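Here chain A shows up in two complexes: once beside chain B, once beside chain C.
The block that comes next holds the complex of A and B.
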C-alpha cells in the first residue's frame, strides 16, 4: 500500500521550483473548462439551441445565486464567484475519474482562501476607505474587541482552506483505505478484483459527489457572504 | 523514483494555484460569462425593441384606422349630399320639362283655337257671300227681272248680315 498521501512531484527544476500533480491536474481542469466554455458559447444565436441553453442556464443560475446572496449591486462578482464554483465542483469531482483532486492539497485550498481574504479586505477598503475598513473590521462593536477581530479575520481563510482540504483529502484517504482493504479481503487469491467493483461506488457517491459538491457550494457561498458583508 | 510532498505542506504549488485561479477566472470571464451575458443582453434589447416596435405599429395602425374611418364617414356624407343634390336637380329639371311641355301644349292649343276661329270666320264669310249671291239669284228668279245689281246686292248683304248676327253666332 502506498502510504504517501501527499501530492506527487512531477517536475523539479534546478532552482528548486517544483510542479506537483495538483498543478498538472489543475491545468487539465482549466483546459477542459476553457474548451467546454468555448464550445458552449460558439455560434450563439438569439434563439438558443441545445448547448447554448446549457451555457445560459449555467450562467443564469450562477448569476441569480450571486444576486440573491450578495445583492443585485454586486453582480460584478459573478465571473469570479461563478468560476470559483465551477472550478471547485470540477476539482472535487476530479477524484472520480482516477486523478488526485486538486483540492486535496492545502496549496490549492489556501490559494483560493487567500484570494477570498484579499477580496474581502480589498473590496471593503475600496467601498469604505481605509478608515471605514479599519473601523468596520476591527473596532466593531467596541474598540476592545480589536485583537479578537484580528484573530477572526485571520481565521477566516484558514478555516475556509482547511474545511475544504479536510473534506476532500479525508474522502480521498478513506477511499484509498477502502480500496486497499477490499483488495486484500481474499488475500489476493482471486486474480479479478471483484470486491472493488461495486462497493466503493456508494462511498464515492458520498465522499466525492455529495461532499465534493457540498464543499464547493459552501466555499463559494462563504466567500460571497464574507465579501458582501465586508462591503455593506 | 516518485517523490511526494507532505500531505500538509506549503510550497511552490501555492503560487501556481493562485496564478492558475486568477488565469481561470480571466479565461472563463472571457469565454463563458462575457459571451453569454452579451447574448442575454442582446436578446433582451431585441425583445424590448420588438415589443416597442410592435406597440408603435399598433398605435400607428390604430391612428390609421381612425383616420380611414373618419374619411369613410366624410365620404359617405359627401356622397349623400351629392345624391341629394342630384335628386333635387333632377326633380327641378323634371318640373321644368313638365312646365315647358305644358306651356308648349298651351301654345299649340291656343294657336289651334285661333286657327279654328279664323277658319270659322273664313267659312262664314264665304258662306255669307254665297248665300247672298244665291239669295240675289233667287230673288231675281222670283221677281223675274234683273235687279239693279249694285243696289240690291248691298241690300241683301245688309239683310244677311243682320240675320247672321243673330243666327250665325254661336
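The block that comes next holds the complex of A and C.
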C-alpha cells in the first residue's frame, strides 16, 4: 500500500522552491473557470438565449443566496462569495476526474480561510471603526472575556480550514483503501479489475459528490455568516 | 524473542492512538442524529418550510461534524505523517 498521502512534487527548482500537484491542479481549475466564464458572457443580448441563460441563472442563484444570508445591504459581496463557492465546488469535484483535489491540501484550505479571517476583521473595522471593532469583537459581554474572545477569533480560520481539509482528504484516503482492497480480492488470479467497476461508484457519490458539494456550501455559508455578523 | 526496537514501539503505539482518536466519532454521531431528528420534527410541524429546514439542518450538521473531523485528522497524522518517529 502507498503510505504517502501528501501532494506529489512535480517540478523542483535548484534553489529549493518546488511546485506541487496542488498548485498545478489549482491553475488548471482557474483556467477552466476563466475560459467558461468568458464563453458564457460573450455576445450578451438584452433577451437572453442559450448559454447566457445558464450564466444568468447562476448569478441569480448566488445573488439570492448572498442576499438572504447576509442581508440586502451587503450585495457587494456577491462576486467574492460566488467565486469562492464555484471554485470550491470545482475543486472538490476535481477528484472525480482522476486528479488530486486541490482542497486535499492544507495550504489551499488555510489560504482561503485566512482570506475569510481578514475579510471578517477588515470589514468590521471598515463598518464600525477601530474602537467599535475592539469593543464588538473582544469586550462583548464583559471586558474580562477578552482572552477567551481572542482564542475564539483565532480558532475560526483554523476550524474552517481543518473542516474542509479533513472531509476531502478523509474521503480520498478511504477511496484509496477501498480501491486497494478491491484490487487484492482477485489479486494474482485474474488480472482484470472486475470489482473496481461498480462498487466504488456508490462511495464516490457520497465522498466526492455529496461531501464535496456540501463542504463547499458550508465553507461559503460560514464565511458569509461570519462576515455579516462582524459587520452588523 | 528479539527485543522490540524503539521505532516499532512508537509505530505500534501510534496505531493504537489512531484507533483511540477515532472515538471522537461518537460525538458528531449523536449530534447529527439529534439535528436530523429535530429536522424531521420541524418538517412534520411545518411541511411548507421544508427547503429552509433542510438547508439549516445540513449547515448545523456539517458544523458539528468538525470535532469528529479533528479526530480524523489526528488519526491520519498518526498513521501517515507520524511526527514522533523522527524524534528518536
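Note that the second predicted complex is superposed on the first by the 231 of 232 C-alpha atoms of A that agree within 3 Å, B and C clash if a C-alpha of one lies under 4 Å from a C-alpha of the other, contacts with A are read in each partner's own complex, and residues count from 1 in each chain.
What we mean here is this: contacts are C-beta pairs under 8 Å (C-beta built on N, C-alpha and C of every residue); 3 or more make two chains touch, one makes a residue touch a chain.
Since the model is a prediction, treat every value here as computed from it, not as a measurement.
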Contacts of A:95 with chain B and chain C, given as first, second, both or neither: neither
Partner chain(s) touched by A:169 [first = chain B, second = chain C, both, neither]: both
Touching partner for A:22 - first (chain B), second (chain C), both, neither: first
Between chain B and chain C, more extensive residue contact with chain A: B
First, second, both or neither for A:159, with chain B first and chain C second: second
Touching partner for A:222 - first (chain B), second (chain C), both, neither: second
Touching partner for A:212 - first (chain B), second (chain C), both, neither: neither
Which superposed partner A:6 touches (first chain B, second chain C, both, neither): both
Set intersection of chain A contacts, chain C complex versus chain B complex: 4-6, 169
Residues of chain A defined as touching chain B within the complex: 4-9, 12, 16-20, 22-23, 26-27, 30, 33-34, 37-38, 40-41, 44, 46, 48, 52, 55-56, 58-60, 78-80, 82-84, 86-87, 102, 105-108, 110-112, 114-115, 169
Residues of chain B touching chain A in the complex: 2-18, 20-25, 27-29, 31-37, 39-40, 42-43, 46
Chain C partner contacts - residues on chain A that touch it in the complex: 3-6, 159, 162-163, 165-167, 169-170, 173, 214-215, 217-218, 221-222
Complex interface listing, chain C residues touching chain A: 58-59, 62-63, 65-66, 69-70, 72-73, 76, 80-81
